[in-house]
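Below are two complexes that have chain A in common, paired first with chain B and then with chain C.
On to the complex of A and B.
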């Protein structure tokens, strides 16, 4: 674990760079982590991030299939918003733990 | 001199030649998992594996209840092979397996193919097996990109960090 100042806030990160405490998250922190991942956040990104944060807060697991049925984006749009490894990147930017899902 | 440099996996080709639920899903889970990690994935279906991408068959996949030593009764008792051969048993067991997968949010085959292509993965059918089973491209699911030869498949294996897996 390490601490890092992101967007003026000192946050705790795990070894993989995921935030340890989701309640520390702000939109500005999200934007800065996204920039490190090479992503410029749009309204659509924020809408999906909010959906992800709500799901995680409710204790539900995240899958690409589930996000594709979120009503916010379909699976293809999700890959478009967070290119490469979307589930990993989106959760990192949303300040929630890395998902353990295989699907 | 020894080279200890680790080359991360960049591309994976998965070959599926069987139509059992478990063989098809092993291919689909690995293919989708690769796409999720940003690894280029190409899935190649041949012989009985073609059932997984044939419109008429893809929703009717079975698991084998005969000659399958991993098969057990609910509760863990051995599943007698004789019982597995009775009419309806294989269908019932297959239905149960699909239900268990659905409970884990594992999609049906057609939706799984769509998830894989949504992430940039590609699905191919083997030309030789297609000819053998007298199938045409129209018999295949819309997500199948092309019908290709084994030579075409090997041409796709270029680049460092490429692996072929026969599931």
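On to the complex of A and C.
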């Protein structure tokens, strides 16, 4: 774990750079983490981030399938917004824990 | 008369029918089990069929052979659970009342979920081995196949028996080597996971094994569609993997009636308390096996360990006591690695697969995360154990709770 000042707020990050406390998150923090990932956040990004944060707050799991059915984006658009590893990047930027895959 | 109703007579449902008939008095409790099919498949055997090690006859028996005396058996498709009315509707218009319900309807493969998967090439150059039909069709295909790009693709998480596709590529390596074709067969393992498996040590060990066997891995891959014309798969990010023979593990879904009954998540797996095995919204509904959404492997061994917990908790519920048994997510999987050898992993919700020996600390005979001949015999022996001990709900000399003794941190 480490602490880092992002967008003027001191936040705790885990070893992989995910925020430990989702309640500290602000839009500005999201934008700054996104920049490190090479992503410029748009309205669509924020809309999806809000959907993701609500899901996590409700204790529900995140999957690409679930996001594809969110009504905000489909799976392909999700990849367009967060290229490469969308679920990992989107959660990091949204200030929520990295989804664990359990099989 | 009180009524216990069990939905699904696969591995888990059959086990529970046997266990509960022993402990519930026949004068007070009526037990009924429902399934749509009369044949019981030994699914772990499907893996061996494409390579000609088992044939269809080796993996089937009539379900009726495994039910105890004193259990009503109904063969019919289940249409809906009306949880607020404590009743279940069957296809042929029958409705069944229950005091307690056990859902054990497992998971099915759903190739129709991926565009193009069931196109022109389905069962010509594209196969699954999670169904008897797919496994047999693939066995026939391999008999005359001249080689090329063999791609094994996992569509989506979660899927049952998470080690089966790895075993498949290990077997394929050995099979084509023995036939003198290995230099003509290029094997690629394409997975949505970031590596060969989920947890660090097993991922490292199995990843190295892939490398040693000259099997390519494409991680973090989420398939979007199959391009039948150009024989390639395409993922949502646009990454393409060409194939000559595609072996798919299609999306795994829970039964459709779970969705229409409002009991499941977005893949129709029943929302289940991971410790008590109770459905989250209904105290008189319990869930076991692949049908549940508990965060552990969907495997027969898990269902076996969970059965003991479920038996205890169901008795608690019936007697109006607090539920005392707590499931730890224990899973125990033999992994075939080819050439008559295998490895073994043992883990639960909190502890990743670790090296060591099993079940007796220091003695084994099985080696955890080690490749040995004995582990392979363990897997072969499992078929006998499955038919004769496991399904009948008899005890095995293995604790249902995962043990740390014998493991090295």
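Brief remarks follow.
Here is the rule we go by: the second predicted complex is superposed on the first by the 101 of 103 C-alpha atoms of A that agree within 3 Å, B and C clash if a C-alpha of one lies under 4 Å from a C-alpha of the other, contacts with A are read in each partner's own complex, and residues count from 1 in each chain.
Simple rule for what comes next: a residue touches a chain if its C-beta (ideal position, glycine included) is under 8 Å from a C-beta of that chain, and two chains touch if they have at least 3 such contacts.
Note that the structure is a prediction, hence the values are computed from the model and not measured.
In the superposition on chain A, A:35 contacts neither chain B nor chain C.
Of the two partner chains, chain B and chain C are each touched by A:84.
Contact with neither chain B nor chain C is seen for A:4 once the two complexes are overlaid on the shared chain.
In the superposed model, A:27 makes contact with neither chain B nor chain C. Residues 61, 63-66, 75-76, 78-79, 83-86, 102-103 of chain A touch chain B in one complex and chain C in the other.
Touching chain A in their complex are the following residues of chain B: 29, 32-33, 36-38, 104-107, 111, 114-115, 118-120. For chain A in complex with chain B, the residues that touch the partner chain are 61, 63-66, 68, 74-76, 78-79, 83-88, 102-103. Note for the complex: chain C touches chain A at residues 156-159, 162, 192-193, 197-198, 220, 222, 224, 236-238, 265-267, 295-298. Of all the residues in chain A, the ones that touch chain C in their complex are 61, 63-66, 69, 75-76, 78-79, 83-86, 100-103.
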